[in-house]
Amino acid sequence: MTNLHDEEQHPAFVGLSTYLHLPFARDFDELKASGADIAILGAPVDMGVVYRPGTRFGPRAIREASYLTASRTLYHLGLDVDPLQYMKVVDFGDANCPPSDLQLSHDAVKAKVAEALEAGTLPIVLGGDHSITLPSATAVADKYGHGNVGIVHFDAHADTGESGYGGVLIAHGNPMRRLIESGAVPGKNFVQVGLRGYWPPKETFDWMLEQGMRWHLMSEIETRGFDDVITDAISEALDGAEHLYLSVDIDVADPGFAPGTGTPEPGGLTARELLRAIRRIVGSEVHLVAMDIVEVSPPYDSAGITAQLAHRVVLEAISALARKKADAAGE
Amino acid sequence: MTNLHDEEQHPAFVGLSTYLHLPFARDFDELKASGADIAILGAPVDMGVVYRPGTRFGPRAIREASYLTASRTLYHLGLDVDPLQYMKVVDFGDANCPPSDLQLSHDAVKAKVAEALEAGTLPIVLGGDHSITLPSATAVADKYGHGNVGIVHFDAHADTGESGYGGVLIAHGNPMRRLIESGAVPGKNFVQVGLRGYWPPKETFDWMLEQGMRWHLMSEIETRGFDDVITDAISEALDGAEHLYLSVDIDVADPGFAPGTGTPEPGGLTARELLRAIRRIVGSEVHLVAMDIVEVSPPYDSAGITAQLAHRVVLEAISALARKKADAAGE
Amino acid sequence: MTNLHDEEQHPAFVGLSTYLHLPFARDFDELKASGADIAILGAPVDMGVVYRPGTRFGPRAIREASYLTASRTLYHLGLDVDPLQYMKVVDFGDANCPPSDLQLSHDAVKAKVAEALEAGTLPIVLGGDHSITLPSATAVADKYGHGNVGIVHFDAHADTGESGYGGVLIAHGNPMRRLIESGAVPGKNFVQVGLRGYWPPKETFDWMLEQGMRWHLMSEIETRGFDDVITDAISEALDGAEHLYLSVDIDVADPGFAPGTGTPEPGGLTARELLRAIRRIVGSEVHLVAMDIVEVSPPYDSAGITAQLAHRVVLEAISALARKKADAAGE
Amino acid sequence: MTNLHDEEQHPAFVGLSTYLHLPFARDFDELKASGADIAILGAPVDMGVVYRPGTRFGPRAIREASYLTASRTLYHLGLDVDPLQYMKVVDFGDANCPPSDLQLSHDAVKAKVAEALEAGTLPIVLGGDHSITLPSATAVADKYGHGNVGIVHFDAHADTGESGYGGVLIAHGNPMRRLIESGAVPGKNFVQVGLRGYWPPKETFDWMLEQGMRWHLMSEIETRGFDDVITDAISEALDGAEHLYLSVDIDVADPGFAPGTGTPEPGGLTARELLRAIRRIVGSEVHLVAMDIVEVSPPYDSAGITAQLAHRVVLEAISALARKKADAAGE
Amino acid sequence: MTNLHDEEQHPAFVGLSTYLHLPFARDFDELKASGADIAILGAPVDMGVVYRPGTRFGPRAIREASYLTASRTLYHLGLDVDPLQYMKVVDFGDANCPPSDLQLSHDAVKAKVAEALEAGTLPIVLGGDHSITLPSATAVADKYGHGNVGIVHFDAHADTGESGYGGVLIAHGNPMRRLIESGAVPGKNFVQVGLRGYWPPKETFDWMLEQGMRWHLMSEIETRGFDDVITDAISEALDGAEHLYLSVDIDVADPGFAPGTGTPEPGGLTARELLRAIRRIVGSEVHLVAMDIVEVSPPYDSAGITAQLAHRVVLEAISALARKKADAAGE
Amino acid sequence: MTNLHDEEQHPAFVGLSTYLHLPFARDFDELKASGADIAILGAPVDMGVVYRPGTRFGPRAIREASYLTASRTLYHLGLDVDPLQYMKVVDFGDANCPPSDLQLSHDAVKAKVAEALEAGTLPIVLGGDHSITLPSATAVADKYGHGNVGIVHFDAHADTGESGYGGVLIAHGNPMRRLIESGAVPGKNFVQVGLRGYWPPKETFDWMLEQGMRWHLMSEIETRGFDDVITDAISEALDGAEHLYLSVDIDVADPGFAPGTGTPEPGGLTARELLRAIRRIVGSEVHLVAMDIVEVSPPYDSAGITAQLAHRVVLEAISALARKKADAAGE
């Protein structure tokens, strides 16, 4: 493995931008040899969006968001743990996604995630638009068994559309439906959190109900309180499955906290709520095996705060894993 | 009526930007013939602002904010209703507001709103700066009777100034005072929600008290809770009047949620609070006859989130009306 | 035909944004009935770009760029002509381009251009990325005869790539090659102006030479002077063909004049040079039958100057046609 | 006079922003007592614009544009002169322009310019939109005699409209016509440079011809060369008048050099051409008595380069005056 | 004292930008003669930042943020008081901070704050990066006695780093440590509020504990409620000291409310929480003797909302002081 | 050497951003082993700027500017050469420049450049502010002999100030003076091109004359023509020295072409002029041994065109070297 950055302390703006300036594994062999627990990888895709594009630059922006680098100590104040002491994290680069062909891009994402899994790591995929959850979660289900992986899905939108404009089947509005149809992830293993707005239509929710999907609208969250909803979500998440895939569309956060996204939907989570929920879910008894954070669109993110929030979603998850490991070790 | 857009599904970026890509009524006859319940109309005015201009581009930005179009099903997740199934909505275009002359612009707004009312629709006016509430609410009071229309007014600022810089009487700081002075809307029929900051002066509040105006400061909202305040506002709103005019200055929301406005005032409502309040008020027993959403300034809205929020304020109101109608129909 | 806007003077920010606030023809019948000479139509596509997306919003931005509307007199100062007095121009809306599927989008563009041609108009296509010249020019060649249409192509890039990343054949780097391969427009009928930079590779230029293509690098323009090069281009343009298709990639202009584009290439034309060249070519003896202006990307155009320049490219062409017609009429 | 800033060297970002951090004269008495040759004053007005507003923030942006301060030596490299050694310049603050009332704003501008003239200074007015040339040049003509002041007017637009939208007579499209009609500045004393685009209509040019106005289109400049045109302009400028008023609309420059303006018109002057022309005209034998620089709109000037260019227009003029004075003194 | 602005009402965009358009004291003598209670002064420094610079333009942006000017009545709605009726506030300009030398800049800040104190005023320092708290609080401790001044410090970061990149001791990550080491402010007199994220390392917190520092993480605030935490903070603030220094890093607010800052950390306070906390602390029995508001970075603040929030932090503090004074006077 | 990126074609937005996605040499040994002709290295420094900061992000922005990657053929159209076929180029990363300490940053730059030279490469330094030419050119002079290296310096500013604000000796306004004073590069070996504006003062030019420095103002360039001036510059460049250091401050270009810089000075070179000059100088008989491109400030470069231009300055130089090598080889 190529260890690009770890030999000395340097500020965020110095050097190539791997995630947190962590070591870079250029291929499967390097990744495997690294003994990494977690592989960060990018899925620079935006051909699936129906409105504002730009997420192809999302992985780069998230990588560059940090003002701290792994060559300095990272210490999670709230969890009292250094995440990188317990979790070895490596940057595995990007899937080579050709622009102008969404299917080829998905093939590349699926292959890259499969490689990360094969190397024994937990892949964290930096999107890209939400269509990439289709190849990413498929690769995960292929590894751990169709029907054996649950998905907790944070999003303003259910992404279970039958088809998009022009009858398009593969786009950022329908990856969850495709996953159910293929059998990779049965409907009963989905829990969606943060839905709001005016889409999809009622017929789609009827279909979702038939599939056994569970979801929690923002209106429920406002009425019942977010902590209770998350408690439910954790208990609903697996339903017979052994493993968890966590998919976070940054537009689950209110546009005030995440303006740089393609289809912003006012009335969402605060950054505090989102980060707390990530910590609770990942820190619970569930067995996280993969994760994605999608829909960061840098051209609409003038102050970079959306990329910052996405970066924290990733790092909170890693920290929660580290905390669990430390607890298990009695530390 | 010219039906511009409804024949086929198309994405938000295709075609001319009527509100939600709804049909366009180019004049009174088309509007009347359409049988519409609601007329969306623009008041592109910014000569009334005391600080940052740009609201003349507000109507265009709000129209373009939606990433869903009415040619697809709109389904309000929280209210379980398709708003457009119950409410026929038409885009009635803009009042022809000449730049450089605020009075001529106001004349055009008043005439346009009057036409919409005459055609039997509920006008929803997209501002423009808040000065346009003067002609708009005057037209409404002329129709429904002076003293017979109450105003619920969401705003950081009371807009009851005696006069502005240079003694100017017509600007965005004083429309509510002019409405009271003209007798169109008596002071006792005003309820203001979300006031904060350092203006107007105490003498103005003394005058407001004399007029019987009611208001709810953000400090009251923080202390008592927003839901209780809204409950009060609903009961105070009419006070003998039969009809409601809802006026929403987007700066009632905190600048974090609505940066693209002329006189941002930190410490305001969240998007969730605002949208919930709109749903509750419009969904209550009050009889809404007109509405405006003002002070969206696109030059200061780099990610377009302010226009998105304003768009939702409109659509939440339409959805709440649809919900009421569905309830009445037992659906 | 629906005449949206022509009854009264109004400023640019009032009303729906057709091009120059011109009348809108919603379908083929309206267009045909209008007796229009020119049809403006949008091709909101950006799935073909290899770098920065955003051109799906190009047609909207170009339509909104004008601060003059056709309801006021337009008078071209340099050509001493009112373009709209001699050329009847109608806005024909957008091709219904579904996001996420480039082929479907191209099909829609081709059909829309074919309709405009069938209605007897000269189509002016507002892109969109440059891939749309493939369906657009194909429709034109289908109408006027394969081999009977020449293309003058302003661009920083030759767009004659064999294939793009991942072997993709349809994208914004290869429409000209596909047109030659299909026989719609033979290589000898291409004249390219403004090429510079580091792409395509030498092998591609060898292929271009074999096809009989002609091109004029910026380095030639700097050495010989632009006026001489344009004189040559006009004489080379047709080479046996009777009709001209003019394709203008806004990135032929230097990024200083056109920052809002996907693949900016420093060292290009000034706005003055470009507009002057358009006037000369369109005003020459050639028979212009169609035109496109592509690659305006609004997310990268903070002050809107790229859309302004694209708008002028269109209006200079219309004005030059008007001047020719006036000259022919002895006016 | 209040000498705010001159005691010590400090960087541009330190301290209050007078023009070049020069001393500030808060009222007529201080200005008169200062013995200043030149008074910089702001006219923060944007109610006259027909398209994009924002020029009310122009004076502030121009004052803040400089990265050099007068407490350091300013040395004009091309003219070999320290402008402030020969010309005493004072910042006279802003006319107190109330928003929402264009006439009151004009009254304030006229009074402020009159004070500067009365104090014996040459006023340089920082706009604001171009409507402010009406009160400003009127004050100058009142001082030096109607018909005794010529105007060299750099602009993309002639600003001689009969009236604007809604029949408005006072706006940024017609100040020159109002000046001619009032007799303050006869048509024959106008020379306009840089006109282009599609406005005003031919009838207006016919009227201009009747008034004896002279103008130089960009197309003439491109054909004849700019230096020759400027030579002509200088000789045409006065035509019997003794004094010169120089009015520079920043949109005479191409939008590539001046994006931050309300009605950008592609195809204009380069910054080099504009600055060189200012030096030549002011440095010629004409007797400059006042000057304005207008139409800088900061909300559309993300990198501040338009304000920078406007600042240089002012400083080049001051430097040219200094060079003349030095020459006269044989230095 | 030079009274620049107070003679007449004028809008925010007219005139030089002192804070709230208040009178300007150009030197110590003017400040002392003014009898001011409070001196606003700028510390335009950004050499101490480790990530995104730009805070050198912070003082200017905060001064320009207000859309109300002190020449109009300011009336705090929530506190029912006109802050300027009870507190005489003067703008004391900026410390003359040379770029490129942080030590010289700190010397200038210390001297300027010392002058303000010597003149009998309460200095409110507009940063600038957080490194300026070192010279500013040192000057305050020198005046009131080392160990006799407590600091309530709002921040996402503890700023108690041992050293920065390259072993640098003076930067924005370590001013609090330097203050403790110098003895100016003992550790036990620090209360930090709002800490979160991944820095500083655990060893630093151990050191902080040894020093007797107190801090309240965001996770504590979320669990216990902010009001209770603030109650504690007030009681912990002084611990034997008689005076309070309030230091507010704007990044204590969530990036949604304060995007324009150098090291944004998601998960922070809302604007409402922050402003309420300021009112409570300053309005409590503590004796505030100085205050700073730091880390506003205008290049990352496209809508200016961060500067608006910082401005309100200052004005809420002044209002709370006024309220206390009014209460003491029985008004 | 770590070969990060060269194995397959991929678009610009995929993968880590080395310059042109070229291989990365992480240390001296890898660089030496690579056999590279040219080493690209970053100097992320902005503590030397007197006005707008941000250049610390310059190296990253220039690396990311390219939309072509070295894994595709690069072919210089004007020079008919593939630059990377003749010149082996490697990305050597960044000097580890600690923020808050300019001297430590300079030490790091000097050491990094020295390493690149020691490894036998021609270093191309991506700034950073112009102060970094002091350590960079010193390292080059140390290698090739003091007095044996000439500097051609493109800039709006002479950067020969005696000292900056506060007497600071090391900043971006004085590196050239320090180089002369140290003897590393005698004054007679400097040729400056593009100077304009109002700085430095005449005394500085007198000093420069004494040192034997040569310079070419923009006013000379406008009068004589740029090609003639460049011919002179080439002949003056060496004056007894054997080697050339080329230093390009991006602000030599007009702000229209390079808005994203700290101290923009209107009236500069066009992009075409600058790129042509680079080609001519590097392609001449001079022996280029090092180069820097400085003052790109991304926070002020909203469309990224300044970084694009800087990238081309580098690539034009490499291409000119390749052309010379090909010519020498008779290819």
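Which chain is which? They are A, B, C, D, E and F, in the order written, and residues in each are numbered from 1.
Note that contacts are C-beta pairs under 8 Å (C-beta built on N, C-alpha and C of every residue); 3 or more make two chains touch, one makes a residue touch a chain.
These figures come from a predicted structure and were not determined experimentally.
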item	value
Labels of chains that are neighbours to chain C and to chain D	B, F
Where chain B and chain F overlap in contact partners, by chain label	A, C, D, E
Centroid-based (C-alpha) most distant chain relative to chain B	F
Chain pair repeating C-D, as identified from B-C, B-E or A-F when over half of the contact pairs by residue number coincide	B-E
Centre-to-centre distance between chain B and chain A (centres being mean Cα positions), rounded to whole Å	38
Rounded Å distance, chain D centre to chain E centre (Cα mean)	41
Sites on chain E at which at least two other chains make contact	10-11, 13, 50-52, 56-57, 96, 98-99, 165, 254, 256-257, 270, 300, 302
In contact (per the touch rule at the top): chain pairs	A-B, A-C, A-E, A-F, B-C, B-D, B-E, C-D, C-F, D-E, D-F, E-F
Contact set on chain A toward chain C in their complex	46-54, 56-57, 96, 98-102, 104, 131, 164-168, 170-172, 299-300
Chain F contact footprint on chain A (complex, rising order)	2, 4, 8, 10-11, 13-18, 24, 26, 42, 44, 56-57, 60, 64, 93-99
Chain C contact footprint on chain D (complex, rising order)	50-52, 165, 195-203, 205, 217-219, 222, 254-257, 259-260, 262-268, 270, 300-302
Touching residues (chain side chain A, partner chain E) in the complex	9-13, 67-68, 72-78, 80, 82-83, 254, 256-257, 270-272, 275-276, 302-305, 308-309, 312, 315, 319
